[in-house]
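So, here's a batch of structures to check.
One chain, subunit A, links the two complexes that follow: it is found with subunit B in the first and with subunit C in the second.
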Partner chain A sequence: MEGSIALKGSTRLITEFFEYSISTILYQRGVYPEEDFSKVKKYDITLMKTVDDELKTYIRKILIQVHNWVLGGKCHKLVICIIDKDDGSVTERWAFDIVRLAARTEADGQEGAVSTSEQSVEETRKQIRALIRQITASVTFLPELSNEGNYTFNVLAYTDAYTNVPMEWGDSDSKEIEGGEVVQFKNFSTNDHKVSAEVSYRF
Partner chain B sequence: MSGDDESSFNDGGSGGSSPFLDTPLEGPEAKLNEESLNKESSVVGTDYHSLQLARRDEKIGQLESRLSDLTKEFELAQLQLQDDNVALQNSYQLNVEELEKVTADLKFTQEINDKLNIQYNELRSKLGSELQGENKDSHFEELDLQLKLKDQEIERLNFEHESHISKLGFEMKDMSIELNVLRTKTQKLETELQTNFVELKESRKLLVTKQDEIDDLQRLNAQYGQMKMTDLEDEMTTVNQMLQDQVKYTMELEKTNLEQADELKKLRAHAPSDNSGKRTDYEVNNESSEYQALKKEHEDLQLEMLSLKSKLSSWEVYMEKDTNLNSSLPANGSPEEIIHDWKVTKQENTALIDENSKLTLAMSNFKLLNEELAMERNQLLRLNKDYESNIINMKRLNHELEQQNVLFKEECKILRKQMDDFTNLSSTNGNGNNQGVTQDTQKKLENLIDDYKNKTDDLTNELQKVNNELLQATEEEQNQVKKRKRSIGSGDNLNYYSKRINELQLEVGKLTRDLNKYRNLNKLLDDKLKRLITLKEKKIRILQLRDNPLSRDQFIKKEQLQLLKQEKVDLLEQLQSSNPNLQTLPISVYQTLEFDFKQREKEILRTNKKFLRLKEIFNKKSLEFIDVVNSILGFRLEFQQNNKVKIYSCFQPDAHLVVDLVKNTLVSNISLDNWESLMSLWVVERGQVPCFLAAITLQLWEKQQQHTA
Partner chain C sequence: MKRSAFEPLEGEKENAVALVGGRSLARVVALRAAAPRELGAMREQFESRLASLDFEGDPLAVFLEYIAWIKDAVVQGGMSRASGLLEVTERCLMYCQGEERYGNDERYVRLWLEYAWTFCGDDADRRDVYVFMFRNGIGSQVAAYYDQFSKWLYAMGKTEECLQLLRTAQARRVQPENLIVRRLGQLAQSTSSDVDGTAMAQYFSESNPPTILSRRRDLLQQEHRERQLQSQSGSTRTSSSGIFRDDDDDDDTNDETTPHKGWSFLRSKRQRDKENRALPQGVIERGMNLGTLDTLDNTVSTAGKTKMAIFHDSLGRSDPVYTTLPSCDDKSEKIDCNFALVYDQDEEYSIEMILAVSRGLLAAGYCHKRRRLKPAARPVRMHT
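Our next item is the complex of A and B:
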């Protein structure tokens, strides 16, 4: 059908969104310096994208694997943790839930109606735009990261227990913030997936 | 910004910071390059052209060969078509000839018929005119004669009919013989089928027996497996060895015990003084403690031996219990022999499994063959049926043809007779002239004709009856044959059973296919079920890249910490132990410093990277700025190293102004008529260089406009 996104296309769109959202978060939260980013036009808005080769390689390495997992329906969540370098504590935790609509229809018959309604590419872009704007605007309410330049980040992927894991990947704890505040963001959906976002932070 | 920085930003050799210097090559060098490129391209072009020509020639050659092949094929096809055409023409000519023959025959018969009709009409007319003078008696005599002839004819016809019936009977016999032959053939096929079936049964039996044997062997194997023969063998050997060692050891111990006991006795016997007694007591005590220890050890060993014996006995009991195993194992069999036997049986088992697989393969082949034979048989039966029905149809056709033939002959005969009668009548009636007599005779003749007609009708009816009877007879015969067949079928159950077996085998084949299909489906469903179960039990795994920024940072910190710790330890050690005059440092200090140095290097690299990025941004921004300035002011500035600035106007880019910032001079190669006056007015008198530049810009624009107009 014209305008509809196939599973592969949907996965690609989600992976692309992760790439831009990771860059945006790292820029907005000052994890990497401003000069490591350049402006790009995406989703009809101006976004910041990293130009640091090391960081680009790292993000690409993660996203290639995440793309494969999402395509195979093995990945359900992607988490970006901003960690204090001094004590290793998690300061912010950005979580993106991925729900595969086809799988959801299998699990729950009532929600099958979601998958039947076609989602146009433009509609998805609009939703992504809104979500990225929300992420950008979240700087206003999130607590300031006082010790600038002393933060690093880590990306966690929530997968099925029996999925194939490459050697480069290892197990990790969930890096939850105990007693942290949680803010739910908007979500976006394609014909095959629904992605929702939230941030939890130490108040 | 310093001069070095500025120079670093300059990309061109002229040292100017303008981005215009980055424009592509222009002037003689560029032309030279272009020429050389053109030359190269021309050389490459000629090569390419020759290559293309060669390829084209090759293609043409290929196409020509293909054309020749196609023409050959076409000629062959034409020849074939000509042959076919000739054959068709021949056949067509033959058919035409046959048709002509048939038409000639038809014409001939029609002509005869026409002639006869004409004769008949003539005779009739003659009869009508000459009936008056007919002689009664002679006519009656003639009629008698004709009657006799008719009778004769009827007799002849009866004879012919009988002969025809006999002929048909012969044909029937031939057919029955053929049928018998076919039956024998089918019987042969049936016998073959039966033999195949018997073979199949035998093979099945064999297979069952082999399967039983395999099952027995597998059972045995399983028993062996339960016992874990290999482990058992190892255990047995070790146990044996241990037992032997222990027996030896116990023997030695017993010996030593006995010796010690003897010594004790001797000592007890020789107990002269207290001192010596004390000494010996001490020794005895020592020895007794040793003895106690040895005794304990001995008891332990005995216990171990007992346990081993019990193990051995349980093994023996097991061997005794399992008579099959006992019989299969050699008497007083050592583990090596048992293992050898086991290996032999294993080999036999594999051989039997191979044989079984071969037999199953053969059986499947037999099944396939049987199915094919059954299908062939069914086909034969169908053919036989068709053949029989064809025979019946042919008989019917034949019969109808014969009937028509007879009728035709009858008609011909009647017509001939009538002709003869008319000729006789005309000859006899030529003399008589009496009208009354003629009327009577006419009536009589009419009656006679009616009689004839009636007789012919009777004859045809009789013929029809006879034919019907014949048909009925043949049908009855066929029914009898069928009944006989049925009776044979009921009498001989073999045919029926073979047929039934065929059907059953086909059904069995179908059912086995269905069974396999359903088994596969079952497997698939099982897999799906398992998958669903696993889905329910799904667990989440949290993964991260091993080489991530956090772990990298932590690793560095950990390394630093370890180095510092080591350094601290080493320094403390040195402080405590070393000579204060000796000025040395532990290697860990050097390592820590090296590590720090590396970290600093990395940091420098990072800052350099940052600096480069900033430079890039600055360049980008400055280029943007220059572009904006150029577009707004209409001048392009080029800063040179000797504190000179070249100013190019956008309306005359080939000419420029050179401003010397040190000497404070302004030189130009712009061709303007009022240059001097403008210079004196704006620069010398009013001291307004921007206005002077604006005036030049305006004049240059006007000049350009005039030039373009």
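Our next item is the complex of A and C:
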């Protein structure tokens, strides 16, 4: 079916979503200064994308690895933690669950393969748009990060126990926020994956 | 850990107001599900708790609980009068003011900062609140106060004052110290000027007196603004007529530009925002051209006082009365003669009779009818 998404396309779409959502979160939470971002049109909305080369390289490096893991069905959760540099405490925890849908046709994983599902690329983009809008609107309940300019972020990838992990990646605890509150956002799905988002915070 | 979905707030996400301290979405969702009568009952409960407050306990905690409840109940923000957020916040700030234990209580200081940030619409108002806090020692040991105030000063282009404020915080060893050190480091990068220690003193003192060299501050500022506008547009601006302002609660006429009386009391936002208040635009600074100085005496009313007469030549003399007569050569003649005196209705008087009447020697009714004289007594050609 024309426009439907195969596994590789689905994975690419998810990775791309992570790239834009990480940039959006870092921008709107003020983790990096405003001048490190520029406006881009994506999913029919205006988003902020980092223009800082160092940050771009760092995010790209992470996402290339995450892409491979998602493609191989090895990664089922990606977490972005905003951390206070002063005491290392986790201020916010953005979690994206990746659920692999039921096994697809044998053409899965082959470039150019098409799926028989009804889920179109346009429908997925629409769902992503709605999700990013909710992420943007989260400032209505999230507290202002008062220690401006003194935050950093960590990316955690939840993988299977036997997954090959590059040297740059290390083991970590889940960095949960004790006594915080969790808000569940909308989700989006492709033919092969379903991605949902939530944020934990303390106010 | 509480879990909630963003979905119930989906329709309100464009209107919901962000809060500095954030809010519990779970509580917001629960309150949105409550009936208006239930919300009214909850509000009354808070009010009754406030009515029975005493200083033995922690009145600030009760107020803060009430404020948090309003924020959750009215996600559109507390700017609407119906929410009551502004009133409750001001009640809390005023109730706890002067209580030594709250002066550097982070909860109380943060409420002040939130008040300045949320409810003070213009920079002058916000500045007055920060200065009020400074002068009353509110938050003098809380880093958040210095942080927010210095950020505002920096945004206003007051880099020097900002630097001095942070140095004051450093000297007072406010906690957390590293926040102040970091802000100083950031500022040091943006400024290379040596601070002489007078800028901040001047900044705070200038906001204090309502008069400068016996002139009212708002008048000076208004003149300065008008001069700026004139120089920009090249045309003379005329000031519009003033609108009556009922100042029944403020008999201090010199206090119009400050929201306080002697910096010990902050007037409520609604009183400060009354119509037709002359808002100061910017600060009067060194080198600013304020024009000629009028003394305060010039601004007060002179009603009831008799003015001293000034001598001039025409004093006591009446101006000549001219009469214009048509001439045969189509050129009119202007005659220096008051014919109304000569021809009293149907009567005609000679000059001698007029003099006699004016001296009381001849009764007006004495004159009998005479033939009306045509020419004037002394025709004088003035100009054609």
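Everything below uses one rule, namely that the second predicted complex is superposed on the first by the 188 of 203 C-alpha atoms of A that agree within 3 Å, B and C clash if a C-alpha of one lies under 4 Å from a C-alpha of the other, contacts with A are read in each partner's own complex, and residues count from 1 in each chain.
Here is the rule we go by: a contact is a pair of C-beta atoms (placed from the backbone, for glycine too) under 8 Å apart; a residue touches a chain by one contact, two chains touch by 3 or more.
Here the structure is a predicted model, which is why all the values come from computation and not from measurement.
When both complexes are overlaid on subunit A, subunit B and subunit C end up sitting side by side without clashing. Look at A:D192: by the touch rule set out above, it reaches neither subunit B nor subunit C. Looking at the shared chain after the overlay, A:E19 reaches neither subunit B nor subunit C. By the touch criterion stated above, A:G149 is placed in contact with subunit C alone, subunit B being left untouched.
Of the two partner chains placed around the shared chain by superposition, subunit B is the only one that A:T163 touches, whereas subunit C remains out of contact.
Once chain A of one complex is fitted onto chain A of the other, the partner contacts of A:E92 are absent, as it touches neither subunit B nor subunit C. Of the two partner chains placed by the overlay, only subunit B lies in contact with A:I62; subunit C stays clear of it. In the superposition on chain A, contact of A:S174 is made with subunit B only, not with subunit C. Superposition on chain A leaves subunit B and subunit C with their closest Cα atoms 8 Å from each other. Shared contact residues on subunit A (touching subunit B in one structure, subunit C in the other): none found. Touching subunit C in their complex are the following residues of subunit A: 86, 133-134, 137-144, 146-147, 149-150, 179-186, 200-201, 203. Chain contact summary for the complex, subunit A toward subunit B: residues 33, 35-36, 51-52, 58, 61-62, 76, 83, 85, 88, 152-163, 165, 168-174.
Residues of subunit B that touch subunit A in their complex: 534, 538-551, 553-554, 609-610, 613-614, 617. Contact residues of subunit C toward subunit A in the complex are 1-7, 9-10, 13-14, 16-26, 28, 75, 144, 147, 176, 178-179, 182, 186.
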